[in-house]
Amino acid sequence: MTLLLANPANPADPVGPTLADFGKDPLWISIIKALFIFVFLMMGVLFGVWTERKLISRMQHRYGPNRAGKFGLLQSVADGIKMGLKEDILPRTVDKVIYILAPIIIAVPAFLSFSVIPFGPMVSMFGVRTPLQLTDLPVAVLVVLAMASIGVYGIVLAGWGSRSPYAVLGGLRSTAQVISYEIAMGLSFVAVFIFAGTLSTSEIVAAQAEGRSFALLGLDIPLPSWYAVLLIPSFLIYVITMLGETNRVPFDLPEGEGELVGGFHTEYSSSLKFAMFMLAEYVNVFTVSALSITLFLGGWRAPWPISLWDGANVGWWPMLWFFIKLVLLFAFFIWVRASLPRIRYDQLMAFGWKVLIPLNLAWILLVASFRALQVPQGQRNLAMVIAAVVVVGCLAIYFWFDTVNQRRREARAEEVQAEFEQLSTEPTAGGFPVPALDLPHYHGVNGRKEVPSGTN
Amino acid sequence: MPWLSILMGVPVVGALAVAAVPKGNAKLAKQLTLAVSLVVLALTLAMASQFDPSGARQQFSEVHQWIPSFGVHYAVAVDGIALVLIALAVVLVPIVVLASWHDAERSDAKRSVKTYFALILVLEAMMIGVFAATDVFLFYVFFEAMLIPMYFMIGSYGGAQRSYAAVKFLLYSLFGGLLMLVAVIALYHVAAKGTFLQPELIGAVTDPATQKWLFLGFFIAFAVKAPLWPFHTWLPDAAAQAPAGAAVLLVGVLDKVGTYGMLRFCLELFPDAAKFFTPVIIALSVIGIVYGAVVAIGQTDMKRLIAYTSISHFGFITMGVFALTADAGSGATLYMVNHGFSTGALFLLAGFLINRRGSQYIADYGGVQKVAPVLAGTFLVAGLSSLSLPGLSTFVSEFLVLIGTFERYVVPGVIALAGMVLAAVYILWMYQRMMGGPTAESVRGMPDLNLREKIVIAPLIALLIGFGFFPKPLLDVINPAVKHTLTSVQAPQFTPAIPAAADQKGPGE
Amino acid sequence: MELYVPIVVLAVLAAGFAVFSVGIAPFTGPKRWNRAKLDAYECGIEPTPQPVGGGRFPLKYMITAMLFIVFDIEIIFLYPWAVAFDDLGVFGLVEMVLFIVTVLVAYAYVWRRRGLDWD
Amino acid sequence: MSLLAFEPITSPTIEYGTLSPMLLVFGAAIAGVLVEAFTPRYLRKSLQMPITLLSLIGAFALTVWQGTQGVREAAAMGAVAVDGPSLFIWGAILLLAIVSVLLVNDDDHFVAQASAVPGSAEEDQALSQGGAHTEIYPLVLFAVGGMMLFPASNDLLIMFVALEVMSLPLYLLCGLARRRRLLSQEAAMKYFLLGAFSSAFFLYGTALLYGFAGSVDLGAIEQMIGTHLGQDNLLYIGIAMLGVGLLFKIGAAPFQAWKPDVYQGSPTPITALMASGTLIAAFGALLRVFWVALGNLDEMWQPVFWAVAILTMVIGAILAITQTDIKRMLAYSSIAHTGFLLVAVVATGSLKQNAAALGGILFYLVAYGFATVGAFAVVTMVRDAGGEAGHLSRWAGLGKRSPALAGIFALFLLAFAGIPLTSGFFGKYAVFAPAVAGGATGLVIVGVVTSAMAAFFYVRVIVLMFFSDPAPEGPTIAVPSMGTAAVVALSAAATVVLGVFPQPVLDLAHSAAQSLFVR
Amino acid sequence: MTTHYLVLSALLFAIGGVGVLVRRNAIVVFMCVELMLNACNLAFVTFARQHGNLEGQVIAFFVMIVAAAEVVVGLAIIVTIFRTRRSASVDDANLLKY
């Protein structure tokens, strides 16, 4: 029990770096690592695009790109070159400085978030013993969130700078969307921090090294090691928000071709500026995936069957596990894109604000009160009471809403029914053989209560 | 028996009763007021009859804690000086009530009549309180609170310029009062006796410099109140604009508070400072005497004229107070009373005239004595008393003041004599212009004094003449008190007036 | 501080790349001037002139921003609490329940006032 | 960094019992928000009103109870000092808040639909529906809660937070007047911008003091000043900025500019609340900061306060004379009274002396608070076609049209002027006496001179009401609602009673002041 | 070396203060106020560093909230005013008082 509450960096495995192991690298090591991350991400984008197109077309029984290079592997390289060689259009109306600055602002932070992602344990690099992670901070996760927020500036400035209605609206919309989902995202981490007791990514990974046991009424219930399993609601919410955060399907509202053409980058019609947005989008996808791996999926540690092998979590191997997890998550993104339709904007916001956030808060309280049960000196009864209250309260609210909505639906149905009857009694509406103007499928039938969307 | 509390309580209760009188019924209100004031008069006489001139200095004294944390007491008592002044007040009030029977209606703007009379009663209570208070703080409270009813009487019932006059009056007094407040606070702090009881504070302030400052604080307030040149400018306006009755109370009683305060507080609390400042004050009062008289001569408005005469008279009073001789002191005190009667009579008669003619300008009158002999006659008597003709009460007091002054300050005395001469000029000239000569068209058919007015004026004339020949009863009451005061002034500063303080400890006897 | 050095390194790298690629874009491509091409895109119609600063936009977005601030602040307070949870124990739990409930009250108010609905 | 991060954290404690009055008020405010959220419109007012009043009364009862228990402790890890002065101030604020709420409850002061543009169709519609913002009640409660926390806060951070909790609702409430909405909105904006500006100064001052002392706890700062080590410039600049923030809140010159505009623009009930509650709270905070934290330094800040006090009194008294709007005039008079109060703030010295001064200030605050609330209550009753008859000329001859009302108003004015037998007189005495004892006689003389000046414009209003003839089609006197009538009666009673028998309240104030401020 | 931060925060504060005094646009004034608050935050954090205690950093949190609350209230007020001004208002006359 006391061990359970001790500093999460797990003594049981020596390779797991802790905060203490960072900030010792000589500069050149840092440069090497940084370069590696940079190249890794660039390659990731190039082949990520290719993978996406290939995979999605396979899911749609198409071939996808298969001309440039073997299996069209060079497709996105070609695209990149094309973008570079296209004319760089600078529309007359735009606010030049912001217009040019925006792509940079959006691209740079995307890279930076990766600096706190742990790729692996301590290894010896050119004789220097160093963790496979650029750096780690006591507030590492906050860095990721901060970078995400800075990225938002890029979006809004891009829309703002290119003075066209579509762009402005697109920018505003995607900003609103991103910040809305950022809240849910931030909240979904809290449970993790409660258990890990730290914000440093490396230590969170270490905390997921092996499952602990939860002592209730004397008997020890073993808990799974990955927070994805232990805190499954948090994980699910995070997965949803990570789609919203990166403007991916089904939340890719900003460039809803139907309504807003290209959204905030409408005016960035071509060339490398547009490439920056593409880049940023994909890098963000990788970032959120990597973050979910770190916080929920045990980080670079090998999953169960492999972890039986002693060498699994030592040396350079873990990078492989990390990479596999990353690819799988990316594939998941693509899968979602292939299978889900885009949802309406109001539904998107309603979902974010009215479902994710309250759920999250309730869940946090629940986790906290259960966790409080284990504080030895704390009065457990109080914690239990709180837990009970939370549960009951949530259920009560849920049922209340349910009944309310139920009533609304019924009332609505009755209205429609009544109108049908009223019409059926008078087949020729007002004596003329025309469809009555107040047929239920017309909007604006007076006296009809409009249901705010999103209240399921 | 708590005489003084009763004396204060009765008018207050009366005032409430009057205020409660239903709106239409003005007559009842008046009668009620008159009755109350007469009751108060009776009570006062009863009390005075029990006053023992040779007895303890402070009599009928009551002392109760009021605000312990400030060391403030509800402490009242009377010595000879206070007694006669209270008597003056309670005598004047019924007369005023009767005199201004119709004033409230007649004032140009329609005002509620009962309010006017209620205010008179409230004022009476406060006048009694201010003279009776032996607690500096209590005195200050009454001193300031008195302003409000008078302010409303002038402001709502006065003449054309009334609101200007009222505001001027209030602000002047308030300003002086606030300076006095500082002095009061400082006195409490310096004396460090933890109490405001005046007898205990005597001799408490020993440091000369402090004494001088505190003295100034008090004195300026009193100088404004008893219009001493150059603080007098509010009086002519106020007196001229106030309705006759209010003017009588204002000049006749309220202003006496100033001179009374000088006698009671400036002298007793700060004897050395008093001595130090005496020359200045004497000078000021002499200037006041002459200035008042000269300006009075130049007046065309009789109320203003009377006001200026009283400025001159107050010069005499302050001179008497600060001559620091027994005769001058008792003379000054006596003067306060007599001046109240004589000026009161003058104002009332002026009021009668104005009510008849509707103008207060001397030029509008002439030859009144043919059409209204009684009016003219009484006016003459009052006027003569104002120029202190031998045989009239004012003569005695003025004589005493001059005697007392000559003992110490000859030159001022001589100049003051000039004031008497001037007095003769302005009074007689006014009489001659108004009453003598051919009867002006405007005053033809002017009715003579009716019964009410006769009843009003008779007692005043009687008092003037009576005390003129037989001032002894007043002097008997006054002298010991004045002597006592002066002893405390003469008392060397190092030995506070322990005996004085001692035999006044404890409530009454 | 040295913990942050690597981030700076990476930042320099990324910024260099971004600036470079945005910078060379005008020179790599051809230049064919065409008036219509330089207009803001509005499906081919004459573009509506936009005032500096994008003009006024729906208040709705401001409200969203406000709510975002509110909840972001809440998160700011949740994180330290979560990290120090085991030390604070039940006291921390109680306080946080009070805090969250308070925020939820405001949240309910906004919800009922239709502050969360998008027309 | 990391060595900071891993300090062992011991879980703090909070004395809920001691803080119960404040907690009750805040809780009621939150309950009010819930009511807003979940009850139909027609029910809200009938729910909000009792919640507000009952909670305030309950808080008052709790305060009294604690006073009788003799609670004197620094609660919540020494962040909130519940000592004699705090309890007294709480009681005063709560009483005045109750009275003000009675005013607030009166109809037709507040806008029907704040978001509706003035003169627009939707406003007319909202008016015709007779809707009104019942959010006002929770806002008032929040403000009152802030007022309670402000003077009780024992460290600068809490003080800052309390300052904002007090101010923010007031900023909003200022903008909700039903009539003359543009004025009201402008008042809100000015109040907000200036208030935020000043609170920023307060905060930076706090930061500098923190830099000096390494803590924002008042007691700690005092000790640090006692053992005076280094970084004095931080200290002095910090004090100056702190002073700016606080002096702004009490509206002392040269930071008084907001008062007239805000008082005139905002709904009169809110003006009453601000003029009474905010002033009291801010004064409590000012005293706590300058007497507790900077007590050892008084020879440094006293000269400044001399200047400020004189300036405030003079500006308040002189500018008030030129005013033509009754609310503006009252605002300037409140500035002048702030000056009078500052006179006693300077008069520090021995413990006994401090206690005397503190007691005087507390008494003055109560006396002035009641008088001013009553005055504004009367102002709400003198109506015109366009709402309240603000302009003085409209008040001409009020004494004839409704003597009672004019008489009561005159009473309040006389109390402001400090005429004996009204509360104002003893208030003045209570602050001037310790000032003289504390060697600030010069200030006191300036004080009496300015109060003579001030008396002039009070008297002028009386002249207007009683001695000048009523204006044709003058303002109508609204038949007072129960609430307003109660307020006027209560305030008048308080003014007279405090003017004749101040002893009990004086005792209370002095006993509260005896144990000065807990460190 | 923390003095640099102090100087910076002082500069920011001064800029904000000057901005409040010289700018006319309410929003800009308001932003300047926020800038001042953030300058305070910087000072707090720096001092916390200097004194080696966490108090200052915690205070920064609270200041953030207050700033947020101020933003909410302030923007509400300012937006209302702007909407009013755009509209034809009945009682512009009253504005002359200010």
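Note that the chains take the letters A, B, C, D and E in the order they are written out, and that residue 1 is the start of every chain.
Please note the rule applied: contacts are C-beta pairs under 8 Å (C-beta built on N, C-alpha and C of every residue); 3 or more make two chains touch, one makes a residue touch a chain.
According to UniProt, the chain labels map to these proteins: A = NADH-quinone oxidoreductase subunit H; B = NADH-quinone oxidoreductase subunit M; C = NADH-quinone oxidoreductase subunit A; D = NADH-quinone oxidoreductase subunit N; E = NADH-quinone oxidoreductase subunit K.
This structure is a prediction, so every number in the text was calculated from the model and none was measured.
Contact with chain A and chain D alike is made by C.
With centres computed as the average of Cα coordinates, no chain lies farther from chain B than A. With every chain reduced to the mean of its CA atoms, the largest distance from chain D is reached by A. The pair with more inter-chain C-beta contacts, choosing from A-C and D-E, is A-C. The chain closest to the protein's centre is D, with centres computed as averages of CA atoms. Chain D and chain E have CA centres that are 24 Å apart.
Mean C-alpha position of chain C lies 20 Å from that of chain E.
Rounded to whole angstrom units, the spacing between the C-alpha centres of chain B and chain C is 83.
One finds 40 Å separating the Cα centroids of chain C and chain D.
In chain C, 3, 72, 89, 111 are the positions where the chain touches two or more neighbouring chains simultaneously. Residues of chain A touching chain C in their complex: 5, 22-23, 25, 27, 30-31, 33-35, 37-38, 84-95, 100, 103-104, 107-108, 110-112, 114-115, 134-137, 142-143, 159-160, 162-169, 172, 175-176, 179-180, 182-183, 186-187, 189-191, 193-194, 197-199, 261, 266-267, 269, 271-273, 275-276, 345-346, 349-350, 353-354, 357-358, 361, 364-365, 368-369, 371-372, 375, 377-379, 382-383, 386, 390, 452-454.
Note for the complex: chain C touches chain A at residues 2-7, 9-11, 13-15, 17-19, 21-22, 24-26, 28-32, 37-43, 47-50, 52-55, 57, 61, 64-65, 67-68, 71-72, 75, 78-79, 82-83, 85-86, 89-90, 93-94, 96-97, 100, 104, 107, 111, 114, 116-119.
Chain D makes touch with chain C in their complex at residues 1, 8-14, 30, 33-34, 36-38.
Remark: chain D residues 4, 7, 114-115, 117-120, 157, 160-161, 164, 168, 171-172, 175, 180-183, 185-186, 188-189, 192-193, 196-197, 200-201, 203-204, 206-208, 210-211, 214-216, 261, 264, 325, 386 touch chain E in the complex.
Those residues of chain E whose C-beta lies close enough to touch chain D in the complex are 6, 9, 13, 16-17, 20, 26, 29-30, 33, 36-37, 39-40, 43-44, 46-47, 50-56, 59, 62-63, 66, 69-70, 73-74, 76-78, 80-81, 83-84, 86-92, 94-95, 97-98.
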